[in-house]
């Protein structure tokens, strides 16, 4: 198996339906990724271990999804020099506003690259774009992906006109 | 020096003016406490160490103040079986609503006893009340503190009437 | 019957499905508890009586759940020196944000240990952790509970890998 | 001294600058009022006593101002059949949104007539309007007050045109 | 037919399910009321007429329900010296927070007695309590209503114990 | 004097500093405007009169600024077929969020063209753009205004580079 | 076919159910309109082209609907001197509050005439009212539309009375 | 001069005090950057040009700061395959919540890596970390930066103890 370069983690398997879209993007761009359940609150030391060894294990980017008092992305970010992308998972009572606050409002020194509430697709794309900064082929693929988005809108327009 | 039984921690010395009130309450009730700067994001492993050894070092309750993506209280709570009290420190742009969400919205399994935004006095009092569950003398002192609050209102009323 | 040491109260029987989780935790930890419907607004004097006699009746901790203008936890806290844990019950129109504000934003002098919106499990656990500050056996049980949470994450991870 | 028919209460003398406007309206309309510091949290039993005896003492309307977890208006309302007007006092961190939620979101059965954040003038006017439902002279005075408001706008308009 | 003394108005018949509870309370207390569809935005002059003639027609209190940019309660309040009770009707996208802001945040001079989002029961009760300030029999009925609320809690408690 | 075609109204002269920018834009584009204090709540009938006669008096667009329970723009809109532009005036406690909700959340049938909180400049520009739909010279002036905005950015860029 | 004078655009065909109401209003008032899918993010250059040529192609008003980080209305407004009406499309997690902020909070210089969340009917009406500023027949039709709204309320009232 | 690889852009020179921290981080890490005023609304075509040529000109990452209806980061992201980091600039009335919503809530397909409100330091650090994914020396520098953050906390702790 190819060495994964993107780590996709989440606090609970209940976050998997949301995070599945990030996995799908990695697969679509042929970016090898690994998926793990790592809970900041239920397995804090496992999380420390995961984050501290991430770079040495060959990971280049980490995507972390969490909901509520969503500490996973920020804590992982504090334990690795790799860029960490945070996905605020929607929550039952506060619709993910709590997750968003917990992920995006990091103090100076430790950024988390935050995407829209529940938008793991964009987390996957952002990981790909980060990797593409040193990979012209991947950058070209991002451009093709964009062209396809453009074409989809044109197709919808054409359908509208008929 | 007496063995501290309450640990008062915060992510930055800029939180000290807020957290000072918790220290003052411990001193007022003669509850020995220790004060430390422990940052979830800048010193994550120091935080793990602090939290994991807290119980064995004799602490009974931990008070943690943090602002913004305020991960300190929840992360410490995940690393110790001791009760952890969280103080949402007010923030410049979101007034501490972000801190409140990051502290109070913990997932099932790992509670943080959250007090009002910026209200470290109440964090100190809650620590005292928790200790008082097994210390009748301390419980009596809490009652006296309450009687004094009551008297202060009466005094203000009397002053109002003159 | 064993003397209850945790009182679990709520303003209405419609709060019972939410509060049931706190009862379940007490039972799981063999902490004797009593359950009562005590409404701040519909039975204010019953509430005063309940709170004022709580300590003398042997209670050590009170858990109070309420929604909307959720006055029960704060009012009970003002009438007893015991630690009071507040559960913001979700509301139909404001999702429990009103309950959270009414419970957590207590003035200096009278804390309420607030947990996440709708999270009575954590209220139960916090009560257990408070009692465990003077009960090493109970503290050990909390640690085992945590170990089980950890194991559940590992099991989910293993399942994910298959 | 004339028997007061409006009771104006607040949890702390720090609320007095806000509540002063309610007193001023009562004086302007020659409605006898009494002013008291009654704290739901620091003097809960005094509050119960105040509210329970209010009607028998001759009060017709109660105005209660409070901030944060603002329980005073709702608790007083639960202890008297008199109409209770609530003034959400502005708070330092949440601008009185917490006060507003704690006062206005009362459960079915116990209303609090809530006015705008910090707007004790309107609390005073509402008390006057309530009393005017059975006092044609007072109703006429409310109409004159309205006519004056109207004239003030006209005067400003005239000033603008010069 | 008895002369109505409470006017219950709403902007649209879609508000009727919400406002029905206010009608029910008036009927329960034998307070004669009239019900009308009066839209601030679709029938502004009808609204002016309704509000300006309300007092002369014998009304003592007006209850107005509205949602979204909910101008009905405040506009009616500006056109009559009678006390006006506002019911923020829940809205599809903002859950009635927009209605609440539009109703409660009235400027100094023109109060609207605002109740909880969607809580027309409390609007009805508040109208009754206002009328009871000059009607001892009605005040006694309010007390009985309260006693019944109290009894309902006791009954639920008893049911809980069985 | 030229017949005004834009009416700029506000509830109070305290709104004038905010609304001044709308007047300045009209003057800059040589669009004759009239300015008036018209309060929805303190001069409701004057407001009805103003709005109902606006079109016949030659006005083409109305700009209305208001704060808090900001009913002026929506009420005027309900009384005239002319387009009404609403400016949510910032408020002390809720920063104009209440004004925004009261102005923008109009029901189907009666739109208010809402601009940003406190942004009367944009209200003026929108009025000019509306008039320009039938006035090519004015449309050309809008384009020049845009070109100037563009040039200002370029100038700032040049200044930055030195 | 008649030359369209209103352009109705949206970022995705998923916005069509919301935007359909704006089309319906244009049809009801016999205002020729064109409908297009133009995505600010997926077809940015198509959007630039659309906006820059809009005026020359004969459009007088543009209605743009978008959700989330809703950039379409503001970007189109920055590229044409025509008035642009923005419809905040409701979103899954934030109910359209994000859309509202992204559309209404435009900087000084480039207004977007914003209507209520999801209220494309009002966007259509506003476009009609803007066109009516130079078309007395259309203005008369707006007045008739208003009269019908009024009559609908009266009919509902009559139905209520039976 | 070295070829810049990070582009730092903002809509107005009033955003410069906020964005200065991103420039400072680039300088501290010896990452060549260029700074430009590029307004989405006042210079939309300049923005299109800037974004479309960014990759070909040698940029690897773009940092964009904007406030209010903050369209710059998202629009630039839609026009380049490079990763774009968005800084929500604080706003006067909504404290940057509007900026945050406009930047973070991007639709699937076009991510913006969002950092905390006003936190351009973290935007700079994130750019450095992204570049470090293919530059081991830079990665080592990030680790040293982290070690320094850690040391600063220790120093503060030592100072506290004296």
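Letters A, B, C, D, E, F, G and H mark the chains as written, and numbering starts fresh at 1 in each.
Please note the rule applied: a contact is a pair of C-beta atoms (placed from the backbone, for glycine too) under 8 Å apart; a residue touches a chain by one contact, two chains touch by 3 or more.
Everything numeric here is computed off the predicted structure, so don't read it as measured data.
Visitor: Using the contact definition stated above, find the chains touching both chain G and chain H.
Guide: A, F
Visitor: Assuming a repeat means more than half of the contact pairs shared by residue number, which candidate in A-H, G-H or F-H repeats A-B?
Guide: G-H
Visitor: Quick one: report the Å distance separating chain D from chain G, using the average Cα coordinate of each chain.
Guide: A distance of 43 Å separates the two centres.
Visitor: Can you compute the centre-to-centre distance for chain A and chain G, using the mean CA position of each chain? Integer Å is fine.
Guide: Comparing mean C-alpha positions, chain G is 35 Å from chain A.
Visitor: Could you tell me which residues belong to chain A and also touch two or more other chains?
Guide: 12, 42, 68-69, 94-95, 97, 104-107, 109-110, 112, 116-117, 146, 149
Visitor: For this structure, give each pair of chains that are touching.
Guide: Here the touching chain pairs work out to A-B, A-C, A-G, A-H, B-C, B-D, B-H, C-D, C-E, D-E, D-F, E-F, E-G, F-G, F-H, G-H.
Visitor: Inside the complex, what are the residues of chain C that reach chain D?
Guide: Residues 11-12, 40-42, 44-45, 48, 67-71, 74-75, 77-79, 91, 94, 97-98, 101-107, 109-110, 112 of chain C touch chain D in their complex.
Visitor: What part of chain E is in contact with chain D in the complex they form?
Guide: 21, 55, 60-61, 81-83, 85, 100, 104-117, 119, 121-123, 125-126, 129-134, 139, 142-143, 145-146, 149
Visitor: Would you pull the chain E residues touching chain G in the complex into a rising list?
Guide: Residues in contact with chain G: 12-13, 16, 35-39, 42-43, 46, 68-69, 92-95.
Visitor: Residue numbers of chain E touching chain C in their complex, please.
Guide: 90, 95-97, 116-118, 146, 149-150, 152-154, 156-157, 159-160
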